[in-house]
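The following pair of complexes shares a single chain, chain A, combined with chain B in the former and chain C in the latter.
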Partner chain A sequence: MNRGTRDIWWRMAWRNLWRNRRRTFLTASALSFGFVAASLMMGLMNGMMEEMVSNGTEVVTGQIQIHAQAYRPERSIHDTMGGREGLDVGALVAVAEAQEGVTGVAPRLYGGGLVSSGDETVGAVLMGVDPEREPRVSRFASVFVEGRMPGPDEVAVGAALADKIGIAVGDEAVLVAPAADGSTANGLFTVSGIYRLDLGGFDDSYALLEMGTLQDFLVMDRGRIHEVAISVDRVRAADPVAERVAVAVAGLSPGLVTEPWSVFLGQLYFVVSLASAMNSVVAFMIFGMAIFGVANTMLLATFERRREFAVARALGTSGVALGRIVVYEGLLLGVVALAAGAALAFPLLAHVHANPIDLSAFVGTYSFMGSAIRPQLTVEYSFQEPLVSAVALLGTGVVSALLPAWRVARLPPADVLADR
Partner chain B sequence: MKKAAIRFILSGTLLATGPVLAAAPTAAQTPSEILEIIDDVDRMMQGASSAGSMRMEIDTEHWSRSLEMQVWSLGTDYSLIRVQSPAREAGTATLKVENEVWNYLPRADRTIKIPPSMMLGSWMGSHVTNDDLVKESRLVEDYDIVISYEGDRDGEDVWEFTMTPRPEAPVIWGRIEQRIRKRDRMPLWARYYDDDGTLARTMTFSDIRTMGGRTVPTRIAIEPADGEERTVITYVEIEFDVGLDEDFFSLRNLRARQ
Partner chain C sequence: MNEHAVRTEDLWKIYPQEPHPVEAVRGVDLVVAPGEFVVMAGPSGSGKTTVLNLLGGLTRPSRGKVWIEGREISALPDKALAKVRLSRIGFVFQSYNLLPVLTALENAEFTLLLQGMPVAERRRRVRRLFREIGLEGLEDRRPPRLSGGEQQRVAVARAVLGEPALVLADEPTANLDSATADALLDVMAQLNRDNGTTFVFSTHDPRVMERASRLIRLVDGRVAEEIVSSDAG
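Moving on to the complex of A and B:
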């Protein structure tokens, strides 16, 4: 078959398509609408997942964390990075910061203890932070309802904890904790501020101290920290950055474990992965329904032309060639619908992306797996989902054409021409 | 009047001793034979007060330390323990009154009451919990006790008690076993099991001798079943019937440096 004869099948298919413009227009519209719907739903789903991941990782954890191998799950105060000798925190932070994609690096120290004021005492996690670096990774610094991040000999507490033991900014709080040397550390600290993250445990059982203050309190050297939390420029692309960081810090101290959020927030990652899989199901369902509608239309269209096909058969055209025309028609229909759908979908997605749909009239903010979810629908772009939709749409065109094509190919010319 | 000292060393941890079992008068599920043993000890213990000093040596995977402490007690409900050394922690004190525990923190110069959520936390960094300090008076209420063995063990005539928690009892152990020497009713050991039946920790009593006019185990070792860690409490001296009353066990005395 030379190029000319191949082209002619395409040309015939294209012309056939436009013999009944209204019908083609309606059929293509159905497919276009399916494409727009699928793209929008996937975009919204992605937007929701993006929101969950952002909130899940930007509030406290960061998108990447480094720990000593032994630190988790027990989180013993003794399992500091670099072992008992600790490591050069400044060097570690500098190396991590130098990696492409890293936007913030925050060293942290944890201890368990009691926070007390007057007659009230509650158990709390004492978290040592670098007040300069912490804001680049977590939201603590930006959610103070009163006061500010702690300086030396100061403590900042969550709003619920402050309520529980009745302390205000400027008050003194008693801190008690088992120190690293086994002694019972205790001391008075001035409350520098009260924050509200609106995230369960952090508001009612965390107390922030300046890193050096907490190290002194817990009788630990300056080189001893439990965690380095890292933020990245693209939340969903934390894995490759984590690999780069892991390689870069490996030389500083043995036994460091660098993990992206997809590992240390495994549940969240699972939900996000599930949502991605759901996207494919959505596409399958939308276009699965479309297949039957389009197939029905094409059956009708080919039935109308059965005499013409019979003539072509009688003149020696093979059944396969005729069937192929019908399949080409289906494919071309898909291409037309895709062009129209894309022309509609992309401006719509861009609009929703810029103007999220506000649902706060219907639902309040919800906290889910450590991630505060705002009641608004936004759209997140991605390559993958429109591609899936596009392939599904074209596939729909082709699959819809198979049954009509099979019937055309098996058309008995004599019977049709004789109206039998 | 033999076992008075033990209660006071560790308050609640020494369940095998008289004072531990003595506090609860009713125990419907516990056979009368055991109650008789308990009653016997109970009579000996009534109103006993004591004062003394002890050394607590703690070995953990990460550090070892030794604390010298002064201890006062009255019956099973009151005790006051004050750290004398090391100097850095001198003055740190614990007051136990019935089910409540207060700590005095000399650096902060504050007294705090241990909140219920922290009762399972370590006391002074040792393998004794705050909960251990207060649970003693509830043992007969919280557990059904049976004699699971009676006879010769290693050349000693002993009882072995098995305690299983009652259905609604607010306890953390799945089962407690203890061995008691018959001739002087001295505890030899107590073993604490988790809910799933695995041994969680062992308490061993030894160096039984006369101190302050009574026979007491002067060394108590508390060892978690996993690992090499342990806390050893050794009696240095003790006096009994020293004339303390309830007023002594006050928050004011908790703070007083002596």
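Moving on to the complex of A and C:
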């Protein structure tokens, strides 16, 4: 096929497309609507997943964590980084913080114990934090309904825990916990604040203490911590940042394990991956349905023009070339629909992205897999989703044209010209 | 040069219909020499169009053979047959049958383009022929904006520009008024005379028959009579 013939097939396909403008408009509209619907659905799904991932990682865990190799899953109080000797926490934090993509680093210490006030006692996770660094990684500091982050000899508790044992800011709470030296530690702490994360498990069973206070309480040296939580600038890009951090901190102490959220929140990652796969299925379903409608329209359009095809065949055009014209028509129809769909979809996506749809009148905040899902529909988009939709749309145009093209290629010219 | 532009031998076309198959062409033997201006006449249903379709390779004979310039085309595969049509046969249809999305010039040059001729040469040939047959200035018009006579002249241009061995014209004047039909026949006669293009017509039109170098009458799918014009030769 030389350039001249290639040009003429494209030209004929393009002009044929506009012979019946109303039909082309309606067919392209159906495809455009499919593109808008697929893009919006994928965007909303992404928005929901982004919300889950953000809340799942920004509220408490961070997007990357460093632990001693033996720490998980048992989370023994003894399995601190650097073993029982501990390590240079300042150096570790500084090295991690220096890596590209890292926006915050916070060391943490954990212990299990009881929190009592009066006659009421509940089991709680005692979490040692650096009040200066913690706000860069988690939301604890920003969700205090009363009071503030704990200072020395203070404790901050979740709202549900405070309700359970009936304590308020300024009250005293008794903490009892097994210490690292085998003794039972106990002490009296002033309640500095009460937070509400709206996240099951944290509001009713976490007690925050200043790092040094908890280390002293649990009889642990200053170099002993269980975790370093790290936040990154782009949640979805946590994996490569984690790899960089792992390499950077490897020399500071043996046996450090650096993991992104996709590993330590494996279930969440699975759900997000599933949703991502679902996006492709959604696009496939939407455009799969469209294929039948468009193919039917194209069959009708080519049937109406069968005499022209027969003439072209009689003049020596090959069946393949005629089929190619029809496929080009399908592709051009897809391009037209894509242009119209994109013109509609992108402003719509941008609008919903900037103005999430508030559903709080219908449902409240829901905690799912350690993540608080707010009752709103928002759109998150990247190049990938519109690209998937665009490819699906153009594919729909081409696939829809295959059957009509095949029939055109096999037209018996004499019979058609004789209207047989 | 080949001795025959087209030749057939015991040509049959039978359409399998219920309750009885239709024998549209029954044992036609035909020889057309290069440069002839042959007219096939006969009543409707006599098999004229079917014979033209068989000669042009648009349909396959149920029995018998067709040769174009000495090459048997009856058994050629579709692709090869398309090539023969493209390079050796021109068609003029009763109802013009121009491609409506192409301009007059694009329609006329269609076969040249398929043959792979460079654009400059294509345009040169088309414009020259358009001048000769009175289509100058209409190059950019699409078929709906051309009169019937103009459309049929574009169709003739399309048929002859590729310099085929044979032009098959199926009732080309059927939809034209007398003056336009005469003008069109003048054009084809001129091409036949000047270029030696071989024409085979099917027609009811006495004006076409008058111009024939040989008239073949078909009745019920058979050659009933052949009349060679006294002007021929």
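The rule is short, and it goes like this: the second predicted complex is superposed on the first by the 420 of 420 C-alpha atoms of A that agree within 3 Å, B and C clash if a C-alpha of one lies under 4 Å from a C-alpha of the other, contacts with A are read in each partner's own complex, and residues count from 1 in each chain.
Rule of thumb we're sticking to: a residue touches a chain if its C-beta (ideal position, glycine included) is under 8 Å from a C-beta of that chain, and two chains touch if they have at least 3 such contacts.
Keep in mind it's a predicted model, so treat the numbers as computed, not measured.
Check chain A with both chain B and chain C modelled on it and let me know: fit or clash.
They fit: once the shared chain is superposed, the two partners occupy separate space.
Going by the contact rule set out at the top, does A:Pro412 touch chain B (first), chain C (second), both, or neither?
It touches chain C, and chain B stays clear.
Identify the partner contact of A:Thr184: answer first if only chain B is touched, second if only chain C is, both if each is, neither if none is.
First partner only.
In the superposed arrangement, does A:His78 touch chain B (first), chain C (second), both or neither?
A:His78: touches chain B, not chain C.
In the overlay, work out which of chain B or chain C sits against more residues of chain A.
Of the two chains, more chain A residues are contacted by C.
On the A-aligned overlay, A:Val122 touches which partner chain: chain B = first, chain C = second, or both, or neither?
In the superposition, A:Val122 touches chain B alone.
A:Gly293 in the overlay: touching chain B, chain C, both, or neither? Say first, second, both or neither.
neither
For A:Ile8, decide between first (touching chain B), second (touching chain C), both and neither.
Touch status of A:Ile8: second partner only.
Between chain B and chain C, what is the shortest CA distance in the superposition, whole Å?
Minimum C-alpha separation, chain B to chain C: 77 Å.
Which parts of chain A are in contact with chain B and also with chain C?
Touching chain B and chain C on chain A: no residues.
What part of chain A is in contact with chain B in the complex they form?
Answer in residue numbers: 78, 84, 114, 116, 119, 121-123, 174-176, 178, 180-184, 186-188.
Any idea which chain B residues touch chain A in the complex?
Listed in rising order, the residues of chain B that touch chain A are 58, 60-65, 86, 88-89, 92, 103, 105-110, 112-115, 117-118, 121-122, 124-125.
Which residues of chain C touch chain A once you look at their complex with the stated criterion?
For chain C paired with chain A, touching residues are 49-50, 53, 56, 58-59, 78-79, 82-87, 89, 91, 93, 97, 99-102, 106, 110-111, 113-114, 116, 118-119, 158.
Would you mind writing out the residues of chain A in touch with chain C in their complex?
By the definition above, chain A touches chain C via 2, 4-5, 8, 11-12, 15-16, 19, 307-308, 311-319, 412-415, 417-418.
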